[in-house]
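The following pair of complexes shares a single chain, chain A, combined with chain B in the former and chain C in the latter.
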Partner chain A sequence: MAKQQTQQNELLKFVPRPNRPPITITYGPVGWLKKNLFGNIWNTLLTVAVFSLLFLLLKPFLEWTVLKAVWSASTRRECLEISPDGACWAGIFPWVNNLLYGLYPDNLQWRVNLGFAIGLLWFLPLALKKVHQKMVIALMGVILFPFLANYLFLGGDRSIFHYTIACSAFAYLLIVYVNIVLMYLCGKRLEQYLEPFMARFSQKNTTFLAHVTIWLLVTVLIAFIFRNQTLEHVPVDAWGGLFLTLIISGVSIVMALPIGIILALGRRSEMVIIKWFSICTIELVRSVPMITVLFMSVTMLPLFFPNTMELNKLAQVLVAVCLFAGAYMAETVRGGLQAIPRGQYDAAKSMGLSYWPTMILIILPQALRAMIPNIVTSFISLFKDTTLVSIIGLFDIMLMARNIAIDKNWLGLHAEPLVAISILFFVFCYTMSQYSQRLEKKLDTGR
Partner chain B sequence: MELPFGFGFISSTAGFDIGWSIIPYDPTMSYGRVYLVGIVNTLILSALIILFSTILGFVVGIIRLSRNYLLAQCARWYVEFIRNIPLLIQIVFWFIVVFSTLPAPKKSYNFLDIFFLNNRGFYFPAPVFEPNSSWTVIVTLLACICSFILSRKSRTYRKRRGKRLPILYPSLLALLSFTAIVFIATGTPIHWAVPTLQGFNFQDGFFFPIAFSAAFVAMTIYRSATIGEMVRAGIQSIDSGQIEAAAAIGFSPFKTLRLIIVPQAARAILPPLINIWLTIVKESSLAVAIGFPELVSVFIQTSLNQTGRAIEIVMMVMGFYMCTSLSISFVMNRYNKRIQIQEG
Partner chain C sequence: MNSELKNTHPDNDQSGRTAIKVNGLNKWYDEFHVLKDISLSVSEKEIIVICGPSGSGKSTFIRCINHLEPYQEGSISIFGEKLAKNKQSAALIRDNIGMLFQNFNLFPHLTILENCTLGPIWLRNIPEDQAIEQATALLDRVGIAKMAPKYPGQISGGQQQRVAIARSLAMEPKIMLFDEPTSALDPEMIKEVLDVMIDLAGSGMTMICVTHEMQFAHQVADRVVFMAEGEIVETGPPDQVLKNPEWDRTSQFLEHVLSH
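On to the complex of A and B.
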């Protein structure tokens, strides 16, 4: 009995287990390193392997681009004498002007700068908080700004109609900015000062009337100030470089939206002819490469016009790119339209709205809002695709960069210009894509 | 300049040479043949790009999800860099900066004495079929068909009886052994022609010119980035509960991948993947910029300049791209419908 007791006691005797190993830290820089790079033996090996591979790849690249590069020389031969295995960035600098503006005359390039500055200024207020009627400003920008830009870029004797619209565009922008300044200073807009005066003539829409009156007055004033100024004509053939690339992508993305909306609505239409026309256009354009659409426009469009009429290449290219971008945009818009719940249509119908009011007031604003990230994405791809116009001989930034290699001072300088414009494109596209991703997140959480 | 509309020019002699073609061609042949050469070149180029960019894209996509931070970030920046630089710039860069500066044939890069890379192109061995090789080909095809039928049979058997029949190894063995027997019995009629340096250039074997290689490399890399992003999104779209459930019922990591992750990710990945494949076929036309004789180059550029028949030629080229796009999307959409979950 006693023996059994002792046996049991022995069995129940406390035997401590060995201590557990300390918890691996997963916080702080050390913990982060342990968790993400050196978690176990395989991970560590992998990290070391990747690191050495990166080193092997990046070192020659860095040496070529920065450490052994030549930044100032007058010819490529000189470059090669200074450093035979480094980049010759010196060749880019004399061409920067051409890469940006093409063959646009040096003394007139301020017009291009001014045009783009105005364009930026026009869309800047959209990001400000206190600005009213952003939609109207954007719409006016899309409608009026091209006239002003065209007037600035092309110059020469334009019709009085064109001149007036350009002036009115400038006037509109001026008023927008005066309004912004007044809003921040006094909290009142320009037309609100004029409202009591306007009320004497009309009871309704006094604000609108005041706005239009001010606009007309400023337009006349500007037209009067600049009446003797004629801008020197710069033919389209001289346009080039980044300037041309931006024009093509800008015009086509702006035109793509209305074309896309019309085609997308047509595709959902109940009228058979419109429906099939839209489907055929969208599917045809989407199923062929962009380069064939460009070739089609360049080779076939002249056949449909009388021989006497000369089409400039830029116009032909713009037609093709707009059509192409429009067909792709139509599918984006269709996606946006499909995302609108059925109830919205039904609700609009029960309110007694007919087709166009339903679309313009209810469906499209919601669909377009949801589509903004997609539109930015398609703008990025369009921006990249505009390099294709170099194949049919338009001097965009790509063809300009390739022309450096046939300059007699820089003969054979191929890699550096291509790398330079690649970096440019990367910066543009990466920023835009980050912006679109942020927008997407914002819209997602906003719902 | 008023040319009557008509396709009569197709049978007239083209009279210009084409740098590289898989089907036999010489300048005495007709424009119809030129069209065919362009189509075959385009299809070969795009088929190779589709194959390799899909493989590379899956690798990139999986690496992006790696738990190793450094590796994942490498994949991320690879994708960002590649997809934010226009394809045309990349193609021209590979062509002018990389492939055109390769050494001359006499000093070409040599891999195992059978692959050669120089400034004319990439040379590799080609199979040579002798007259009685057709038996081997026929038997191989028959064996393939048989094993396909067998696999279908085994699937129905499994569904009815709930038992797996061993299928992979027997059919592989049968395929190999039958082919080998016939191959030896007919006197080894197929052999490899290895390229050899003779004079200034390589003889025998087959080669891809540098324009082809540059276009292939540039587009494969470009599209691998896009496909990688898609694969990542597809895998991430799987609910993590699925993987945990698989672990809970004792699936090994490999089995989880094969039976749980891949089938579900495939549903998410396939529709955009089809779109990318279509884009690749269309995009292969960019090889025109570096002078690779594909359809747009030989037909819209050279033939159109010679004949002046803009409408007909543009119509024919667009027709080809449309037919290809529509047929690929038709076939793939049917396949896609089959693997999607049937709801309701």
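On to the complex of A and C.
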């Protein structure tokens, strides 16, 4: 008995060791080179061989693009005289403005710049840490920003309704930024200052009421300030270049996801009519080439509308591209939905969530998160596919680039503009892909 | 508040009130007859343990109670209200029943705390700060308040199951269903979950547990239901069913389980 007692006393108390930070292995670039490329004699030989082969292959390209290129000339003939087998970059520079803005009047191009700047500003706060309700800001951006952008880009006499919404969009953005500044300076938002005042009128939702009140006031103020300003009308036909490409791809990328989600949910729905409608839409659109959809939208869509109604080509194209993108996105989203285990539905259902809350709160966030690589892949291909609109005569960046070769001074200048816009496309697409990878890392919750 | 009012109703004597009444339940998967004429009545605050070999329909049965599975024949009533396939029965389930699963089924994209506040905020319209307060208290009760800001993927299985219990409790259910809550756990973690369940049983919750933990059945069950081949073979207090079973099928099963 006594022995047992001592034995028990002898038991050691287990105290877990403190966590150490993970070991970081840092080989410098030189270390890496030594280890991987010049480790032994064979490695070294192989490296030299591969690099000389690469050099041989890339040399003509390098010569063409840089070494023998012509950077200033006034016509293609001049270019060829200076250096017959170099690139004629001189031919690109006079066209840069057209490549970017199409035929948008030079003195009004600030409107395009302003529009895109506002667009960027709108989505910039989403990357900041201290900003509240990012979803609301993003959603507002998707709903309100198009009105503001359209107002800026198109100009002309627009209806009061359109004017008001554009003003409210501007007001909203202004408030968002004032809030951000206040948040970083004083740690309080604008509506929180007004809250005590609003509490006199209503007990519930004072923050929300304060927010709306400020928004309305600022909208009225802005509408009053700009009441006498009318922007000069720029018809859609004059839009072009990268500007147009970005509009088409931007709208289709933003619309593709909601259309895709709705079609994907429809396809999985238990309601027969909705299910078959979704299946038919998806399969029909997916089994037709995009060019066909584009042509049909331009030639056939007017048949469905009364003669008196004037359709604009851009709107028709946008409808077609969105539908096309949506159908593809639907299948991507469906793949994501199928990957969600049944237990998630069970848990949501036994908690008492009905269909839409289950989808919005539980299923879609997980499905979309898992689908980020695929979704971004479709965004990238969509971005590139929009160049197809050049075929139906919209002067996007592609058609603009092809047009240089028809100009009488630069007749036959095909390769250089295409290389130039390839570089531009690469920059955009690579940015998207990098962003998606960052997003994936950020959203990874250690599953 | 509402439930207190109901309880004082003369017809509903506190302890004698039936929580769940299952009558002649039949279910088929295509040709396969999974549940055969299941009838069971569970009174309030009673703790029922359902055991039986795998494939005997235990899980299917309690999933039917929660309306996660459709059934072809029979009826299920909860506090006297019959379940039907409509929104009303969804509300009936939501207000009365909580369920735990073998695989925990926490929402992996939400933190532990968000898992527990989601239901109260979206379904009960409880203000966020109040919901957080309640959820923190519940997490404290199951012993993992520290984990609140973590994600389900970052904690152990036993902790996940305890979070699942807290998540169910946040909806203030009167009945809890357990579908093999410890089968996916290591022995060391089984205990921590069972302790919470025992604590819950002591608090007067109506519970139906599908489990292979015979020790637990002995300790807390008011009645043990033995199922095999989609039928209820026998029902009775744990001492009777687990020590002196009437049917050979039961004793066969018990031999297997206990010798394990």
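By our rule, the second predicted complex is superposed on the first by the 386 of 447 C-alpha atoms of A that agree within 3 Å, B and C clash if a C-alpha of one lies under 4 Å from a C-alpha of the other, contacts with A are read in each partner's own complex, and residues count from 1 in each chain.
Methods note: a residue touches a chain if its C-beta (ideal position, glycine included) is under 8 Å from a C-beta of that chain, and two chains touch if they have at least 3 such contacts.
Source: prediction; values computed, not measured.
Asker: Please determine, from the superposition on chain A, whether chain B and chain C clash or fit.
Answerer: fit
Asker: Would you sort A:19 into first (chain B), second (chain C), both or neither based on which partner it touches?
Answerer: The answer is neither, since A:19 touches no partner chain.
Asker: Output check: A:229 vs chain B and chain C. Expected answer is one of first, second, both, neither. What do you get?
Answerer: neither
Asker: Between chain B and chain C, pick out the one touching the greater number of residues of chain A.
Answerer: B
Asker: Just to be sure I read the superposition right, which of the two partners does A:40 touch: chain B = first, chain C = second, or both, or neither?
Answerer: neither
Asker: For A:350, is the partner it touches chain B (first), chain C (second), both, or none of the two (neither)?
Answerer: Touch partner of A:350: chain C, not chain B.
Asker: Have a look at where A:366 lands relative to chain B and chain C in the superposition and call it first, second, both or neither.
Answerer: Second partner only, chain C.
Asker: Once both structures are aligned on chain A, how many angstrom separate the closest C-alpha atoms of chain B and chain C?
Answerer: Across the overlay, chain B reaches chain C at a minimum of 16 Å between C-alpha atoms.
Asker: Touching chain B and also chain C: which chain A residues?
Answerer: none
Asker: Of all residues in chain C, which touch chain A in the complex?
Answerer: 63, 66-68, 87, 90-91, 93-95, 97-99, 101, 103, 105-109, 118-119, 122-123, 151, 153-154, 164, 167-168, 171, 177
Asker: Across the complex, what residues on chain A touch chain C?
Answerer: 341, 343-344, 346-354, 357, 361-362, 365-366, 369, 445-447
Asker: Show me the residue ranges of chain B that touch chain A in the complex, using the header's touch definition.
Answerer: 1, 67-71, 74, 80-81, 84-90, 92-93, 96-97, 278, 282-283, 285-286, 288-289, 296, 300, 304, 310-311, 314, 317-318, 321-322, 325-326
Asker: Where on chain A does chain B make contact in their complex?
Answerer: Residues in contact with chain B: 36-37, 39, 43, 46-47, 50-51, 54, 284, 286-292, 295-296, 299-300, 303, 307, 380, 384-385, 387-388, 390-391, 398, 402, 414-415, 418-419, 421-422, 425-426, 429-430, 433.
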